[in-house]
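You will see two complexes here that share chain A, one where it goes with chain B and one where it goes with chain C.
Presenting the complex of A and B:
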């Protein structure tokens, strides 16, 4: 048994001494803040290192390369199809224009021929000579 | 310059047979010269592969495009030059005669020739026949302010083509009363 256990007053004094308010030593706050800052930067560095390590992994690198390549190929094919579609549409318009002009001029000729036919005096059968009938 | 202009039709006339043999009847180079004077020019050059490719884009649901697809199915080429001028007299009659002259050959038949002195609308239609089948058509339309040259190579239904002229937003021509001064000639089946 210690002396404090034997004497309750001694225990009380010891407690009072232990719990006595003491001012923090000079520079304590600065040292705490410095330690916190150091801990924070270390954590970030660790995190950054782990992220870079994922990206720098060969498998991920190849996957990224493959994804970009596939996207480029798909984009290229799509662009080519769109271009092809546009060119085809333009060719179709040209074709339709050509047919329209040709058809229109045919109609013009047809119309002119009809005009001539309608303007010509019809030959009446009764006016024909008997010789022409035979 | 004027001497060249005067001699040009003759030069073109002499050059045509060579040009025609080489290109299986396409457009004579003299026609291109008119583009400089024209207010509007339409130029369509479509050979067989181009026609077939363009035909792929024709809709099967649209009736006009359906007709067009049927029409061009066996064609080997369509060549069109159409010049619209702001004033009359932009081209001379000899220049058009040069165009017509190239079809004065046994393989071509002039089926329609219209001359209208009053309105100035002259239309010539030539058919090319091979083994008694239509192998091509040429239309030369010389109007007061417009000159059009159409050459369609390959078998085609003329009636179907004429039908298409009244579609695509352009109304079919209506019959006008005949003017007494019009002098026209329709010589169907005439062999030149």
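Presenting the complex of A and C:
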């Protein structure tokens, strides 16, 4: 029979002796700090990667593709409308120019006619002789 | 490297940076894991994991006492999780490894054998014995850390002591402690 069996306190003392705190391995603190630093850099990497993964997700890719396509179509239609407006404006300008030229020409012609009319001597209309009638 | 001082902590803790906290508590955390797992490298890895978790949880800890309680609780739960996850075999007396450093006992042989006996206890009982005799915690505090009734803790302690006494008697025989 041991002493520990006789006295419970002895066993408890023996347990305290046996289960005393042990020193952590050498470099333990440095290892912990290194792992924390590594974890931080990994977290940043994961954050970057997560953004990339969002962008590269199929649904997002399709949504981006659809958005770009819609923008291209709208842009094309708008560009065509602007082009038509410009062509219409140019045609209008040409028409106006043509009308202006035609108006000027008409004015010149009218002036000519007037000039001719004013320079011709006044003539009385001839009375037909009775002989010629016969 | 980012270092959190304890936010809203008592003055004795607030001034400390994280590396000081690790140095102050590494022996406690490592020893709990070491006595529980009876595996030096596994204990070191587990203790590092505990301090990594502490680094993240540091702003939520209010005082030195809170910090010590948190460390013991997290270490205890991680020990049990680790053993279950790795499915470590229950350590028999013959398989229990040699202790890493000799105990400051009057008889290193007896200290070694007692460590082996403790390592052979069931996990809950082992943890309770380690917290009681390594950390000198009272049953009430152990119950709080492990989240179990005080009566259960006392019952585990009584059964463990009886078992250990029996093993000591049978194995060590006439050796006087």
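As a convention for this text, the second predicted complex is superposed on the first by the 81 of 134 C-alpha atoms of A that agree within 3 Å, B and C clash if a C-alpha of one lies under 4 Å from a C-alpha of the other, contacts with A are read in each partner's own complex, and residues count from 1 in each chain.
Please note the rule applied: contacts are C-beta pairs under 8 Å (C-beta built on N, C-alpha and C of every residue); 3 or more make two chains touch, one makes a residue touch a chain.
This structure is a prediction, so every number in the text was calculated from the model and none was measured.
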| item | value |
| --- | --- |
| First (chain B), second (chain C), both or neither touched by A:13 | second |
| Partner chain(s) touched by A:32 [first = chain B, second = chain C, both, neither] | second |
| Partner chain in contact with A:103 - chain B first, chain C second, else both or neither | first |
| Partner chain in contact with A:89 - chain B first, chain C second, else both or neither | first |
| Which of chain B and chain C A:78 touches, first, second, both or neither | neither |
| First, second, both or neither for A:40, with chain B first and chain C second | second |
| Partner chain(s) touched by A:24 [first = chain B, second = chain C, both, neither] | second |
| Set of chain A residues, in rising order, touched by both chain B and chain C | none |
| Touching residues on chain A, where the partner in the complex is chain B | 88-89, 91-92, 94-119 |
| Chain A-touching residues of chain C, taken from the complex the two chains share | 1-2, 18-19, 22-23, 26-31, 34-35, 40, 44, 47-48, 51-52, 55, 99-101, 103-106, 110-112, 114-115, 118, 129-130, 132-134, 136, 161, 164-165, 168-169, 172-177 |
| Chain B residues touching chain A - in the complex, by the definition given at the top | 42, 44, 46, 50-51, 53-58, 64-65, 68, 71-72, 78, 80, 82, 112, 114, 116, 121, 123, 125, 137, 139, 141, 148, 150, 152, 158, 161-168, 170, 172-173, 175-176, 178, 182, 184-186, 188 |
| For the chain A and chain C complex, residues of the former touching the latter | 1-5, 8, 10-25, 28-29, 31-33, 35-37, 39-40 |
